[in-house]
Each structure stands twice: as structure tokens, then as C-alpha cells.
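We call the chains A, B, C, D and E, going by the order they appear; numbering starts again at 1 in every chain.
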């Protein structure tokens, strides 16, 4: 299938990357039901590590099996599948060459430990290369006490990934002393988190859908002064996308905790209306029975396809 | 698009390779008009280096432009495009992520020099990685005085390529003191050349169509003793494919110098009938006007598709 | 254009550097409207990372687009453009070879975290090399609790940069327990901060314009004893420049938060009168509409050009 | 000075290179009297090494001094100055940052030795980096017995140079058993030499002006069959430029041994008419008294500027 | 002792070197009886390795003791002492810090072997550093069959030495198929050898005194055409010094085999008159009884001091 004009336009936003990296971005953009639209729906399954297997896979026990998820992604027509090292290794032979893989290279277990710790780096770029991944994924916590450590880690990882022709996806989750729970999804904070991720060199950024709350007094002033329109989720998505280099980076949104189909699709429609590039849909897809999960993912893709 | 059963079967022949390499083989097998059939038609353009630009591109001057060839490959629906370093660099932005690339890593200029030299290594695996290639390609001359040097070179190159998740394609051209012109395409010699290539660890082997000649007395004896059927090209192709690990390696055949459409298609039908995995079609495609080249490539693909 | 006598004189202050580094300093000094004068006006845009995208780009939303800033710098005729990794990558194809780039290699997000943290190292010297930068930029906080960590970071970064022929620009911002808000811009403190930066091996130092305040009792005594003239900003700039190796280093001054044109130009005239080598003008240029920003930058350059 | 449309077009031919390399190509294209035209005149002075100091500098003894040549290049307004290691080191402080340098990394002394030897590698990419060079230069002998060794050397050198943001210039001089003296400048052989250089990944290729002779029978057939127009030098230059990726690489021509002004300018006019990208003018410039050399270089530039 | 104007002028010829290397050159120029004059007399003792111990030390058996030579150099007031690894190690404690040492890093034994071999690399730059040497010394054979190997060795050695702040001294001895015995010291050949050495990046070059013979027809033509004055040794020395970057490199001359005092001093006077920078005096000094050796060295220095 030939690259579409839209995909060529998007690839043109990455003039500093080598052809390998650009090719892997193209592979993600040219795979699945949304191939060529410039939109992406990615299936991420790192919850086994992050939240534990039971919270993650209990609701749909088929998901304990690591071959379940790439099959789900392929069947639904996702652009890519993201997971930690072991999970990718365990299902490496399911869809080689046809389902782009993203190696989630840092992860935190939820077994306790100090509440303010940060994820461990659990895989290398070499792992991503030998597994044939299109990208490495990495979580940062802008605003946290461990910012410097995390930025140092992604700096090294991203530089190596880029030199080896891989793309870089950053999950940007603001947190820290200066942010309460509501603040973590405040529109100004999410915008800031997107900005930090692209400044660190991410090709693709994943953030949470921005809430109506504004966390910082300075942001409120700017919004008032310049009449920022932030009422609907679509407005706020548009704002966040703009905060990621004026729309010249691929910004996608998480679905968060499991909820009902209608609620999800309503949210997706807003993200689409606001110019979001797509979604990462984990629990809402793999915690449902397979056909329901496939159906929901495809309904989401329909929205992004503008149908 | 999901892997077909046939492609899964073929990938199963490479159990020692990492998922990156298997994925890149799959990418080649799942691209273009023959995607999923287990058959491959590859466009190789290293003749500018090997035969000089005028002999190569004079007949169809559009081919002087290095962006012409990947466009031809993509338009016709080839599985992959193979070329030397400079040519891949010059067209790196044409079809990133959708047209698998094979970096032809050794080349010989035809300007003279002693007749018994061997190709120079002109590119590195790192080049293939940064250019986003699916494979590296390499020519060997089994039987030549420089066998050891060439096998040493491919040994290093193949090992590095495999560790970085790339596939290895070997062009196996027997030559040397012990072989006259006819002997170079003798059926026993081509079979032997295919065997050497797979023993060196090639995932894909390219040989010339085997002639009816039998070059070695020992071979003749064995053939007579065991009643080898080698009359038609289809018979001989079947023999060569069997010589490459009993059919458990992808063996493809070159078309050689430019000739007429009917002659070519007749040959392809024989290769297909004999169980050949496909063809490398260079001069016969790019030395024709573009639409003729596309049409011929697609007619060839039709044959391999069994239509 | 040939090097001027003044530029040769300035380059003569760096006898320990290799020709690559001297050449990159020369490139900065020989670019733009001030080429050859020995004065420099640099456009820095790291506020997206440091203050967040909205506070930075809300006032002039064109600035959300990372191609806006290098275009602004080129159009106005700046000597160089400084930005974090992602922003340089995103606009790498705008003015290659003609607009010197400075990779801002450490950055702090302003999302919160403990108030006494220090910037994270967010890019490498290798990044600067592959992006074709003329220099790396780095922020230090002399006087802070994290002094040792920051000095260690710049020590490694500067050594590597110099060995690879890059120049080193240090943003020197004193802060810490021993300094209140007023103290951070006290003339003795700014002088000290400039001294620390050049002692760490900076080729170019950026400080804030020094205030009339004197923070340290010891400084006050020396000033009184030796009749230091520190009344006007010009006096204090002269003092700070002297503190940076008696004027044998390029010391430039920041403009700080956005203010009116007349106020800015009055300050620039003082810096020029005091022998300052130029200015870094960020928010005051890119937060205005483009033509206003260009006009202001050019008015500033007129002052430094002595017109 | 802003990049011109023509320079942007040329830079677009190198989509596989990092911004550092593209920037250094741009620096060469944006320097001197021909800045922005897409044409280049380079002063190369490696004759001291290749032909010996007396034959090279005897005619104009000022040239024994290694500071003479960069001054000549700068005064005339050349795009770049190319020389071996020692000569660049000795004049490193003449025009830092304003005159692009090309480190000629292999050289052969003409004191004797077997006639079929090949140049020694006399400098490293690290040398080029610390000297602030824009490119490395390298001579190859396509067709020679030492082809493999030379291609291996440039393969390593070019890969390292590209990773460090430098451009690669190849001097391509066919020679070997299969070529007599006339054959070395035959139009088909020069075309082939240009092709080999670009296949090896050169950004800029330097060849000798192609003669009317056709050395290879196969070439003659192709020319006759396709009606190649090769009568004038302009025709042949057009042919050679096409052989270097259809005009998508910068191909420049040497002037050869010293001759009269009118003869030189007539040749340059032909090269310009044929679409050549420029000239390397060594002996014809530095073996004249300085003002004559400057005048001749500038007359040559006038031709390329289309005046 | 302060640097003299003349030494400052000489150091100014090395603008590409780091302060460590320049400092080591300065140490050599500021040591001994000729300190500050810009002239140098160096004691080299590698004959034990090159000619065997008996031929070398038999005439004055005190020289079997490796502490003899540095004492001789120090007592006479030489600028530096050059020797192979073992010899420097054995006398390392004789004059640390006051007698500059040059580690002769390649050497050939004279026990036989093929007559056309080249010296072995017998020490490393690390050895030079740990022994506190000011420079490394290296012999090349321009024109020989082993040119490429030797240039590759000095390329690596010189690059490493310079990066570690050492100076590089090249002994340049032309030889090879194209040169008969007389040709090896022909004035044009010695000039060429000096040129090659400085192009390879030598700070100091040592050649044999040039004879009146002209070896190459091309040289003879140039000399006749341009009226080169080459009658006296002084004339020829002037010519050779000019061939080494127009006098911008330190060129010194060997004394050759042992001869009488008057003959030696006459030769030195000619070298001095021709602008030679000094001498390397081995056998003529250490094969005499110590006081005679000291006396002769000091008489030689008197000549260079212009007394």
C-alpha cells in the first residue's frame, strides 16, 4: 500500500531522523484499519506489571495468556501493540512483520514501596532491536522528584533508539508535590506534560484526556488574557495537541480505567473532534470478552476514520 | 493484514532466528501483490555499479534517477527493492516503511582490473540499520580463488545482521578455474551454489536458472544412478530448490540479460512449476519504459500467484 | 565574508581550543546583522520546557510551532538560535548551515517538584553533533545545594563538546539558601556567577542584568575600599564583564520577562554602554507578533552595532 | 544569508543524512561568490603531497607557505578549501568558521614505489572534527587492482563522517589494467567513475572532464543504439552528471595541469553549459601570482554564476 | 625563563595544537644551551636497535650503559634526548623534568630479514606519557612499498599523541624502487620527504643533509625553469626548509656516519647558513670519549647560536 499524502505530511515533521526511524513511524501509520489516515489506535498491555495480573486480567482471564493481546490487536486492526519485555518475548511469533511492536522499556510494580518512586528501566534498545520492534516506549513523570533520573534515562534510551532506526513513544504522566490528583489531569498540566515529552525528543506522545481544571495560577492568567477556549474535551484536546509543537507531533490519548461503551465512544468523538491523533486503549479492550473488545476497538477506529 | 498459513509455514523454517529477523522476512513476504502467497518478486538495481550506468540505464534513461526504481517496485507491487548504499540513500524518502529494502553490501565495478577479483564490501550493517532495511544482500562466488575471503566477509556481515534483526540474502554465483562458462549454470553447480549459500546462513538465496548441462563427473554418476529428472527447467528448478535444504529456504531466480516478454514469461512459468519461490527481475523491468516494466512485473507476479 | 579584526581579537582569547571550537565561535560571531562586530544577539526558546507552553506561547500562538522560532531568528538576523532537543529536531530543515544552533542540554520543567531541584540533562553532545549545532548550552546555579551535581554535569559535557569542536555557552543563575530574590541579581552575585561560569570553561556566558543591590558584606567592603562605580546599569555591566576574565570572555545578558519596547531598548543601551557583548532575547521577541518581534530584535541590534 | 530555493532543492537530494551533514553541505553551497547558486568552485591543494613541493610550488613560491592557499581561496571567494592534514593544521587560524574546509584523508607520494599502489589513508575523521572541517575528501581508483581496499577504506571513513555530521567528497579517478591513458578520461569511463562514487555514498563527486573517446565496446553499442549526444564537452558533461544519479548529486570537474586562461575559461563554459556543478581548480590558480590566481578564479565563478 | 620572541613566533606556526602539545614544543625549544634561540640540537640514540650494540657502542663502550646518553645530552646542553622504549625506561631517573625526552616509537633491527621491510612499532603513546616524554618520534620511508602501512601507523600514533598533548617528530627517509642510493639524498627527494612529513602532521622533521644530485626529471625542469639556487649545502638546506611549509615547521638535519670534527662543523655551518633549525647528532657524539663528545656538541651549538 502506498503512503498517503497525510502520512507523508506527518513524516515531514521529523526532519532530524534517519530513514530507519521514519520508516518505523510509517509502519505504525500504515498498519491496521486506520492505515494511511494519520490516526492511530494502539493496544498497550503493561497493566500486568503496573497493576498486577489479577487486577488486570481477572475480569477477562484469557488475558493472562500473553498471546491473547497481540491477537486482539491484530484482529481489531490496531496500528501497534505495546508491552513490557517478557510479554513481547512470549508472543514474538504471533504476528511478526505485520503488527508493529512497541517495547515498553520502563515499568513500575504496584506492590508498594515508597509512593514517590519512579518506574524501573526493564528493557534495553537491543531488546527492541532483536524483537523487531518499531519503537521503544517510556514513561516520564514531569514535575516529580525523580524527573532528573527519568529524563536522563529516556535521554540515553532515545538517543540509542534513534541511532538504530527506532521511533520513541513517551507516556507523559505529570505528578509530584506540586500537583494534587485533579491537577494531574488539569488541561494546563497535560499540555505542559505533552510539551516536555516532545522537547525530550518523542515522536509520539501519550497523555491522559485533559480535564476542565486549570492547576496553575499563571496558566489561568494566560488563558483569561488570551481568551483560550477550553470548555469541551474537544477544545482541550485541541489545546494539548497545539502544546505539542503546534500539532507537529503525534499526540494520542489514554482511555483510563474501564467504563461503558457509550461513555468511551463519546470521549473518542471529542478527541477526534479536537484533532487528537488517536487513542491508546488498554483495559477497555482487553478486559472485555474478545469479540466485544474487538468490536469496541473497531468502533473507536470508525470514529477516527471519520465514518 | 494477517500472516497466511503459507507464510507461517515458511517462517517456521527459521527457528534459530530472533523475532526481528523473522519479522523482516515476514515483511518481505507480506508486501506487494504476492503478499501472503509465499512467493516473491524482488527488484534489484545494482547494475549501475556492476555494469556501469550507460549499459544499465541507457535503454530507459529515466533509470539514471535513483528515485525511479523504488517507485517502479512500489507501483508494480514488488516484495522488496535491492540496491547499493548510495542508491538507497538517495531515495530514502520515497516509500519508508512500506517497501522493504535490501542493502546490497558488496559490489564490483566492471571497469577492468584483474578478471579474478571479487566484489568489494561497500556498505555496513549499520548502514542497513539506519536506512531501515529489512535485509542485507551479498554476492558470493563459490568455487573461486577468493572463496575464503568472501565467505569470511559474509560470515561477519551475516552474524551482525542477524543480531540486529535483519535478514540475509545471498546472491550465489559459482565461478573459478574449475568452471567454464557453461559450467557456471550447470544444474549440479547451481545446486551446489544454492547449498553453499544456505550453509552460510542465508535466509534467501538467489541463483541463476539452472541449465541442462552437468559439469561434474561425480554429479553425472549420481544423477544416473538415482534417476534424477532434469529435463525441463521446471525439473531443474525443483532440483535446485531441494538442494537448498529440501525446500526449507527461499530460493529465487534471476532473469539475466534483457529479453522478450514471451521468453521471460515462459521461463517464469517453468520456475513456478518447479516450485521456485520467485524471481529477481532487474534489467528486464527497469530497462523497459515504466508502464511496460510495471506490466511485465505484474504478469510475472500473476504467474507466481497461480492465476 | 572575511573575519574582522574585532572577531580575530575575540577568537584570540581562546588559545586552548581546537580549530573546530574556534570555528564554531567564529560562525556565531560572523552570522546575522551583527556579523563581524563582536556583538551577539541570540534567540533562546527554552521557555516551553521551563515555563510551560501556555505561558510561553499563549501570548503569540504562532510560537507553539517549533519552526516559528528559527524563522524569527533568521529573519531578524540573530547570531544564533538556542533551544532544547525536541525543538531543534522538529525544525532541523529550516536553516541548515546558515543559522548557528545551540543545543540547550539541560532543562527544568516548572510543574512543581521540590523548589530546590536543578535542571535535568535532557540531551547529549552526540545530539548536538548530529544536529549540526555550533554549541551546547547549559544552565548552572552557583550557590545552590546542587552545585556539585551541576558542575559535574557541565564538566563532562563541556569536555566532550570541546573535543568534538563545539563551543560551550553557560547560563549562570545564582540561587540557593544564601541568596534571597534580590540577592540573585545583586551586582556582586552576578559578577561571581559570571566568574564561576568562565572558570568552568564557558566560551560564552549568559547572566541576568546586574541590579544595584550588593548582597555580600565582603563585597560591599571591597567596593567601598576601592571606589567601585556601580551606579548605572552600564557601570554594573562593565563590572560584570570585567569579572568574566577582564573582558576576555563573551558575556551576554538576558532580557527577562516581557516588557515594553522603550524599557527594553533603554536597558540594551546601558548594556552596550557598559561593554556588554550582547543579549539573549527570548520572550520579548517571540511573544510579540512576528513583525513586531523582528522589528524589536533589529532595533536591539542597531544599538549593539553602535548606530 | 537565507538558503535559496536552488540550494534547498539540492539539499533535498540527501534525505538519508542527518542535519549535521546537510548543514555542512549547505555551508559549502552558501559560502563565497557562488553562495546560493548551487554551483561550487573549490580550491584543492594536495599537490605538495602528490607531486612534491617543487613541482607544485616552484612556479609560484609563495605557495610553499601553507597559509597562502586558504587566503587565496577566501580572497577569491571559493566555496571551500581542500588539503591534507598537515596543511590544514598549519593554517587552522586563517579563516575559522567562514571558509569551509575539506580534509583530504588519503594521499599518495609520487616518489616512486610500485606504479600500481594506491593512496595511503593519512588522516582520520576525528582529525576533520577537531579541525572544524565541513567534509572529508577521499580518492578512489575504480577499475584498479586495489579497488577493494580503497572501497573498504572509504566505506569506514564515510560511515564515520556521516555519523558525525560531515559531508563526503570523493575524487574518482578510474585506472587499472583494463584502461589505457586515453581510457582513463573516456566519457563512458568517467561516467562509470561518477556512478561508482555516488553508489559508495559520496555527497560530492569530482571527476576529470570527460574526453570524446569511448573506451568500452559495450558502451559504444549503447550510445549508438540510443543516440547518445557526446560531441561537445558540454554534451559529455551532461552525460556524466546524469550518470551520477540523474543529476541528483553534486558533480564537479578538475582543471588538470596548468594551462592558459582562455583555454581554461572555454572549458569552464562548456562544463557550465552541460550542467556541471562547478570546478576544482588547483594548479591553475595557485601556480599563478596571487592576483592573477584570484582574477582567474573569479572569472571562472562569473561563468558559473551565469554572468 | 621567559619565552623569547623567536620561540613565540615558532609556536605560532602550530595553531591547531592543544596547549599541551605547544607546551612540549616550547619545552624542547627552551632547554639547554640553545634555549630561546629557536635552534635545536638533539641527541638520538637508537643505533643500538638499528645497527646493533657493538657497531654502536663498541667505539666508546661507556655507551653500552643507557644512563650514559641522557647524561651526555644534559651535560652538553642538548634540547632533547631521543631513544627507544627500553633505553628511556632504563635511565628514567637521570634528569626527570629537565631533559625533554622523545620516545622513538618505531625501530628496525639490522639482523637481516627482507631488505625492503619497514620498522616495527615498538612503543605506544601511553609509554611516552608514563615516561614523561615531550614527544614521540617515528620513522617513515616515503616512496617505499610500505608507505601505506607506515603512514597508517604514524596517522594513529600522531593523532593519539596530539590528543594527549605530545609533540610529533618524524624522521623522513625516502627509499624504494624508484630511488637509487644517490637518489635517497637528492635535494628534490629530501625536499619531498620533508613535505610528506609535515603533511602527515609532524611538528618537527628530521632529514638527511640534501646532496647536490637531482633525482627526478620533473624536478630538474622546475629548477631550471625557475632558476633554483642549489649549489652549496646552505642553498639546498634553504630549499628543503622551504619545502616544509615555507619554513613554518622545525626541520633538523642528521649528521650521518661518524666523521671528523672539522668536517662536521663545516657541515653544521652550512646548515645554519641555510636556515636549518638544528641537528640531530648521534654517533658523532656518543662514539667519542665523553668529554670530546660534549665538546663537539657544544661547538655545534655555538654555530647555531651564531657565535
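We take it that a contact is a pair of C-beta atoms (placed from the backbone, for glycine too) under 8 Å apart; a residue touches a chain by one contact, two chains touch by 3 or more.
These numbers were taken from a predicted model, which means no experiment stands behind them.
Student: What are the mutual neighbours of chain A and chain D in this structure?
Tutor: Intersection of chain A and chain D contact lists gives B, C.
Student: Can you give me the shortest step count from chain D to chain E, moving only between touching chains?
Tutor: The fewest touching-chain steps linking chain D to chain E number 1.
Student: So what angle, to the nearest 5 degrees, turns chain A so that its CA atoms land on those of chain C?
Tutor: 70
Student: Please work out which of C-E and B-D is bridged by more C-beta pairs in contact, and write that pair.
Tutor: When B-D is set beside C-E, the one with more contacts is B-D.
Student: Can you tell me which chain is nearest the middle of the complex, judged by mean CA position?
Tutor: D
Student: So the centre of each chain is just the mean of its C-alpha atoms; given that, what is the distance between chain B and chain C in Å?
Tutor: 57
Student: Chain C to chain E: how many Å between their CA centres?
Tutor: The computed centroid separation for chain C versus chain E comes out at 48 Å.
Student: Quick one: chain B and chain D, Cα centre-to-centre, how many Å?
Tutor: So the centre of chain B lies 36 Å away from the centre of chain D.
Student: Once you find the CA centre of chain C and the CA centre of chain D, what distance in Å lies between them?
Tutor: 39
Student: When you check chain D against every other chain, which residues touch at least two of them?
Tutor: Residues 15-16, 18-19, 92-93, 130-131.
Student: Among line, ring, star, complete and other, which best matches the way these chains touch?
Tutor: Shape = other; not a path, cycle, star or full graph.
Student: Pairwise, which chains touch?
Tutor: So the chains that touch one another pair up as A-B, A-C, A-D, B-D, C-D, C-E, D-E.
Student: Using the touch definition up top, name the residues of chain D that touch chain E in the complex.
Tutor: It is residues 48-49, 51-55, 58-59, 61, 64-68, 84-93, 107-114, 117-124, 126-127, 130-131 of chain D that touch chain E.
Student: Applying the document's contact rule, which stretches of chain E touch chain C when the two form their complex?
Tutor: That would be residues 15-16, 18-19, 163 of chain E.
Student: Give the list of chain A residues in touch with chain B in this complex.
Tutor: For chain A paired with chain B, touching residues are 1-3, 11, 18-27, 29-30, 74, 89, 92-93, 95-98, 129-133, 163-165.
Student: If we count contacts the way the header does, which residues on chain D are in touch with chain B in the complex?
Tutor: 13-17, 142-145, 147-148, 151-152, 155-156, 159, 174, 176-179, 188-189, 191-196, 198-202, 216, 218-219, 222-223, 225-226, 228, 242-243, 245-249
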